[in-house]
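In what comes next, subunit A is part of two complexes: it sits with subunit B in the first one and with subunit C in the second one.
Up next is the complex of A and B:
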């Protein structure tokens, strides 16, 4: 493992930023944290996680796909894609790293989404093990170990030091280029892992169990509890937009006045025109829209992906839903009816 | 309070006076209560909650609930009663189908910083219930609030500073529409921003000013009808102080047309939908703009 004193962390960031853009979680001045491009003066946040997820790096809220210029009867098609530059994201938590795997399974299987792939290939992820999980955290429910996040490299902050180890060739290439000292003395890291494991076991949602709903998918689909759960849902997109695994998008044309910009943007199954077709929408009521979101994460996605759930337990929806309805409440209610 | 409210709600249900009760359902923690409709006493006993984290304004749910068969009982905090009145004035709530129970409120806590009162409660405009069929706890007075302090600060900025302030705040908008969907003044059946035929429907900021316009247009649309319930800022996942846009309109209306509080009464015509010979001339805009 590489080791450096925390007092040198900004010099470490500076070294990475010399060659490529570096993003780290920084306080947003509003009581939360958000990924910010590192520059002198940008400090690493102590927050458990960022308010917006890390999916933005690979699946931004909007991106231009193609431009059209109309000239008389001629339509010129312009490939507006910009080749992505190499970048590094530091401080991604285990839940968010796991979300990349889920996005990969959607965007990197045939037909491969070249826009997503481009970003993924140019990004290096340095994860950061959790040491102070929050009451809204439940990654353990989905078998994610917050103390051993994946990524190209993973870091630990223990005592007054930053420990960091490479997990992939990409991570190894980056770390070895930085000239940091290596150490065999990793006792502090293991002590911290043990301590964090204790904290994780004591979290209020530690006992939450992910039941296998896939075997009783029709029972789950027809469960009467959906009516109560969705009853006061506002139909806004907060949950979908803060969610690291929500991956649906819409493609729209923007008339610039002298041409068309075709762009894609995040969509939300909570919205009235989600998957709108010529005959209308297949899900007319908020109950159906609401059910779709949770069935996707708890039933449809696992059915198609060897039982892997489409939720990573980051807890953002627990914090951000205007009416405090969330996947944990859904799992509990659904668990009872599919027993 | 909670115990009395549960007892009263159970009584109303069993007597047949109402067939549903709109209140708050306890969550996983003490601070994540969800608005909910109750129909039986056992459910009320087990899950009904009224604590300092019941910020959600239940008035807007009455648009749908009062359209159903039977009578729905609803618990309204003082500020919620203003939205309630305003929705009745706009013919959105069928008053006869609602049994309104005013409940005392001592201010709601901020979910993000649970030691603190929510901003709207720290600058509470009124502890008085302006509508109810019965009251549980006490109804207070209209307060001498400092709620326009920040608006004044913004007014005293140069236009460049103000532009900078709003660009900074609104640039964080993710267009989740939570502010619009929770707003009791936003009750259009099809919002122009959702209507693909409107030319202004969008799910994301399509250019760098898009989300700014969304909020400005929304503030204009609710001007004169916004009661300053503060739900827009409470629900914003990006903590944008959206209520300041509405408060600016309220302050301007107060200054140009005389003190007016939307939702205070049901029968009064608001200043922006009423004509009097004393109305401010349009030129006032230019005069104020130049000052």
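Up next is the complex of A and C:
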């Protein structure tokens, strides 16, 4: 394991940033944190997690797909894809790292999404183990270990030091190029892991269980609980935007005045337009839209992915929902009806 | 960079046929004059006009047609309005093929086939009907029931009369919803007509049309003794990507764009009733 004193962390960031763009969670000045490009003066946030997830790095909120030039009846298709620059994201928590696996299962299966693959190949993820999980955290429910996040490399902040170990070749290549000292004395790391595990076990949602709903798809779908759960849903879509695993997108054309840009942007199953067709929509009421979101995370996605849930327990939707509805309440209700 | 399915190819519209007051059939070839790609009956393609929109359409021509692709399109939205106004020679963006296919080389082989369509629902069935006509020796008897609001709303009317009706071993049954001057054929809704015709439940049925027509036709077929596993249909949902990633065309855990659009009716029973 590599070890450096926390007082040297900015020098460590500076070394990475010499060669490629580096993003770290920094305080946003509004009591939260957001991924910010590191530059002199940008300090690592102490927040448990960023307000927006880390999915933006690989699946940005909007991105250009292809350009067109139209001239009378003639159309020119311009493949404007470019190789992405290398970049490093530091400080990704275990839940968000796990969300990349879920995005991978969508975008890196045939036919591979070249835009996503490009960013994924050029990004290096340095995860950061949790030491102060919050009351909205429930990653353990999905078998995620907040003290051992995956990624290309994994970091711990223990005592007055930053410990960091490589997990992939990409991570190893990056770390070995930085000239940091190695250490065998990792007692502080293990002490911190033990302490965090204790905190995790005492979280209010520690006992939340993810039941296997996949064998009772229709029971879960037809459960009467959806009416009550969705009753106050405003359809604002906040949950889908902060969610690290929500990956639905829309494709639209924009006329720049000297050409057409076809772009994609995040979309939300909570919106009425999402499934609207000329003859109407199969999901007309908010109940149906609400149900789709949670059925996807807890039933449909696991059915198609060997039981892996489409939720990583990051707790962002618990914090952001204006009517305090969330996946935890849905899981509890659904667990009862599919018993 | 690897090939990207979201980046379309170019095609050109070489013929436009007016089928009904709101349906036109567009013939499309690639810029090189060849078919844009190979497909199987039941598959779809994404057509788009930059700056107007992109949408999924069933490929109505049969794969046995080696010269061009055809799309029968009803005018009902922004993109389709535009397509209805365009002229021959217009270039068009096309990508695909998407989705599964009718099991023409497995379940259908050697079977008597019963095709039932309502209105523009004939568009996806025309591909498979003409495929079976072109490979006639592989299939048993063929019955086709097709209905529309009026005589003027029957899509591909000339081809039905001149070619399908002329085939010796194919029975075509046309019906329109209401009496109309100049129409001496059957009058009545498709589901009732299917029951009147009293088809034997030995054939494999394929149904496509408005959701309400599919629902009642399926009920009628079951009354006649058909099992749901003998009945196929093809579904429609809003789509953006066509490859199961944009997330909106699912029925339960199945994506209509890649796991469908063709479903066997007993398979649909296992999925949430949300279509």
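In this text, the second predicted complex is superposed on the first by the 337 of 339 C-alpha atoms of A that agree within 3 Å, B and C clash if a C-alpha of one lies under 4 Å from a C-alpha of the other, contacts with A are read in each partner's own complex, and residues count from 1 in each chain.
Assume a contact is a pair of C-beta atoms (placed from the backbone, for glycine too) under 8 Å apart; a residue touches a chain by one contact, two chains touch by 3 or more.
Since the model is a prediction, treat every value here as computed from it, not as a measurement.
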(request) Evaluate whether subunit B and subunit C can sit on subunit A together after superposition, giving fit or clash. (result) fit
(message) With both complexes superposed on chain A, which partner does A:135 reach: first (subunit B), second (subunit C), both or neither?
(response) first
(message) For A:23 in the superposed arrangement: first (subunit B), second (subunit C), both or neither?
(response) neither
(request) Answer with first, second, both or neither: which of subunit B and subunit C does A:2 touch in the superposed model? (result) neither
(request) Could you look at A:90 and tell me whether it touches subunit B, subunit C, both or neither (first, second, both, neither)? (result) neither
(request) Name the contact category of A:250: first (subunit B only), second (subunit C only), both, or neither. (result) both
(message) I'd like to know which partner A:238 touches here: subunit B for first, subunit C for second, both or neither.
(response) first
(message) Applying the document's definition of touch, where does A:267 land relative to subunit B and subunit C: first, second, both, or neither?
(response) both
(request) From the overlay on chain A, compute the angle at subunit A's CA centre subtended by subunit B and subunit C, rounding to the nearest 10 degrees. (result) 90
(request) Could you tell me if A:278 is touching subunit B, subunit C, both of them or neither one (first, second, both, neither)? (result) second
(request) Quote the smallest CA-to-CA distance from subunit B to subunit C in the superposed model, rounded to whole Å. (result) 7
(request) Find the residues of subunit A that appear in the contact set with subunit B and again in the contact set with subunit C. (result) 250, 267, 276
(request) Under the touch definition given earlier, write down the residues of subunit C that touch subunit A in their complex. (result) 1-10, 49-54, 76-77, 80, 86-87, 89-93, 210, 236-238, 240-241, 243, 245-253, 270-272, 274-275
(request) Going by the contact rule at the top, pick out the subunit B residues touching subunit A in the complex. (result) 27-29, 32-37, 56, 61, 111-113, 174-178, 180-182, 190, 194, 196, 201-207, 234-235, 237-239
(message) Touching residues of subunit A toward subunit C in the complex: what are they?
(response) 65-66, 68, 70, 73-75, 77, 79, 81, 83, 106-107, 111-115, 117-118, 217-218, 221-222, 247-251, 253, 255, 260, 262, 264, 267, 269, 274-279, 281-283, 288, 292, 295-296, 299-301, 303-304
(request) Sort out for me which residues of subunit A touch subunit B in the complex. (result) 30-32, 51-52, 61-62, 135, 204-205, 228, 231-232, 234-238, 240-242, 250, 252, 254, 261, 263, 265-268, 271-273, 276, 318-320, 322-326, 328-329
